[in-house]
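Would you mind keeping the following structure in view while I ask a few things?
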Amino acid sequence: MNRRRRTLLAWAGGTAAAAGLIPLRASAANWNKPGFEAKASNDAIKNLGAANLIESKEITITAPDIAENGAVVPVAVTSRIPNTQSISIVAEKNPFPLAATFDMANGAEPYASVRIKMGQTSHVRAVVKAADGRFYTASKEVKVTVGGCG
Amino acid sequence: MRARSVALALMLIASPLGAQGDVDGLSIGRQMLAEDNPGELWVQRGERLFYEKRGPRGVSLERCDLGLGPGKLEGAFAQLPRYFSDTNSVQDLESRLLTCMVGLQGFKREEIVANRFGTLDKDSDMEALVSFIASKSNGMKMNVPLAHPKEREVYKIGEYLFYRRSGPLDFSCATCHSDEAKRIRLQDLPNMTDPKQVQTVVSTGWPAYRGTQASVRTMQHRLYDCNWQMRLPDLGYASDMSIALTSYLNHRGNGGVIQLPGVRR
Amino acid sequence: MSEPMRIRATVQGDVADVRILMRHPMETGQRKDAKGEIVPVHFIQNVVVTHNGRTVVDAQWSQAVSRDPFLGLRVKGAKAGDKIAVTWTDNKGDKRTDEATIVAAS
Amino acid sequence: MPVKRRLLLLLAPALLAAGCASFPDRETIRAGGEDAIAHAYPGMPPALVARSSQDASQKLCSKAPEDKLTAEEARQIVESARASIKYPPSGKLVGDWKIGAQLVANGAGQRVRDGRVEKTRENGALCANCHALDAKEVNAGNLGPSLMGYGAKRGTSDAVVKHTYEKIYNAWLYFPCSNMPRLGASGFLTPEQITHLVAYLVDPQSPVNRN
């Protein structure tokens, strides 16, 4: 079995454990299992409840053009879309593309900053849900370099 | 890919000087990581470990003299390495902590050395203690003495070793660290012959949180890792060679304003 | 016992800037340990941030969030002295809550 | 400025502060440095510790920058470099640029962790760590000069090929004490591997000359 296949299986197996084999307590209720387990970014986005995505310039993704370490890629998303309810971050070429969803309420600004792992160069997509039920999106390519001397 | 990228240790650090030799597209990411440095979690743990009663003798490190008197931490990092009369040797922070952990707390030297570098499965107490103690000099200037004859000798030995070429790749420290704006792949190589850059590296460089290793790494580790890239065997922890090189660099960094731990690739 | 979070919360005008560092392995379930055994998947699934007791951000994470996670957010209508509390819950059901007081930005 | 004077200037404040005129002389420092090396690798296998000992050329190339290499020393280094060079049994100095491309990007080989040498099929040639070669590769070092368009600029004459082979085999033949490792002379790369690198540099189809 080649390395990549082994890796994917390991990751898939791990998620299965997370989703079912290990008893989950408080957290399970509010965790988008189908979204996080989707292997294609389109499926992940569908599982956010988005049928159509509207490209928007009102979303800013702050992330490096070149990530020097795929294990720690800083990504911050700012939405200027009125009544933003949630922001999701999707690393399109990850084995499981959906990385995080942030629901905002009670005065939280439509902004989230986080660090994610990226397996390879890929678009990082932000998906914003507004109160009117529409979904907006923007993306940015992040190049992931190999290790400096490896 | 994760395990692999974490296992990749890098020869050199990202330049703390930022713009110089920087490749466009990297700097935003570096800045975002530096603003919120996971190394702060090591500082927090190091503080707890320092004051906790630990080891076979069940005592804290409050009686450890890092050069300014027992338990005095403010400014201690700024003046290391220095000569200690009780051991009749020049010691850096890690070597001195080893002395205290063995002599005061009764730990076995071999055990501390075996756990000198944390792994993804086990944290290193040393990395946490160094982070905490270095941070207690933040805002102060590096001020490493050369008053004692041993300090001068060790400093000069450090200079000799900095330029000494050996190994299958004919490398010395100077091979990678004596010219401007150089890189290995995309990793900036600080020019340690430039007074400003050496100041920046020794006062803001190490200890640093290494993203690729998901841990704080210390100056001892930096030298160990350079040795590895040079294809030399595992550099002895707190060896005379590591302390001599640290003396040579840190003294030349005098005047640099300390801000630690840093954050690196 | 898990390591306490580091929470920095500063307010400028009426917007608080909240920065949270957490200690967590965020294992993907694909890494092997020194003995060559797979380390089971272990990651934070939910992070709930409250401002004076009211939930402001409810985050769901996958194992793709980096080890020793960082979360940055902003809260409008905040003032110095307000409380920010953060609770994470991981896939093993482990939980941790830490609290900080908002201070004026210097 | 002579090395002694510069160092005295550097250390003058410390000397005054200590009220001490003694100063470690060159031999004391050398002996101390070699003693530090001798104790730098505790518990390591002797064969690996031996890597830290120097050959005559390495010794000559270990001077601080103020301490210039004399013409005689440079001659010794070049002479020893010339004697080191071996050519592949086939006599063919241009190999396969595609194999060269793999070697160029490979930075592994001979590193030691916990007293064990890393397991690799062969040593990488490390080139991209320090040289820009392929205009499409963003992740290239600059410790050495850019080699983009190497063959396109120089052609593929026998003289160019031989010079290129020898330069990779032992860079000190042409530039005594250059930063470039003596990749063939040290045995890090085989003559055959070097022919693939030569092909990568000179072949018109190679990314070096096409991109």
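Order of writing sets the chain letters: A, B, C and D. Residues in each chain are counted from 1.
Keep this in mind: a contact is a pair of C-beta atoms (placed from the backbone, for glycine too) under 8 Å apart; a residue touches a chain by one contact, two chains touch by 3 or more.
In this text, all values refer to a predicted model and were calculated from it rather than measured experimentally.
Within the contact network of the assembly, the step distance from chain C to chain D comes to 2. A count of C-beta contacts for the chain pairs B-C and A-B puts A-B on top.
Chain B and chain D have centres, each the mean of its CA atoms, that are 26 Å apart.
Centre-to-centre, using mean CA coordinates, chain A is 35 Å away from chain B. Our note on geometry: chain A versus chain C, Cα centroid distance of 17 Å, whole angstroms.
For chain D, the set of residues touching two or more other chains reads 107, 126, 129, 138-139.
Touching of two or more other chains is recorded for residues 28, 30, 67, 70, 72 of chain C. Each of residues 7, 66, 71-74, 76, 113, 115, 117, 143, 145-146, 148-150 in chain A touches at least two other chains.
Applying the touch definition to all chain combinations yields A-B, A-C, A-D, B-C, B-D. Listing the residues of chain A that touch chain C in their complex gives 7, 10-11, 13-15, 17-18, 22-28, 30-32, 36, 71-74, 76, 91, 94, 96, 98-109, 111-118. Remark: chain D residues 107-108, 126, 129, 138-139 touch chain A in the complex. Interface of chain C with chain A (complex): residues 15, 27-30, 38, 40-41, 43, 45-46, 49, 51, 54-67, 69-78, 89-93, 95. The touching residues of chain C, when paired with chain B in their complex, are 3-4, 6, 19, 21, 23, 25, 28, 30-34, 39, 67-68, 70, 72.
Residues 7, 62-74, 76, 113, 115, 117, 119-120, 143, 145-150 of chain A touch chain B in their complex.
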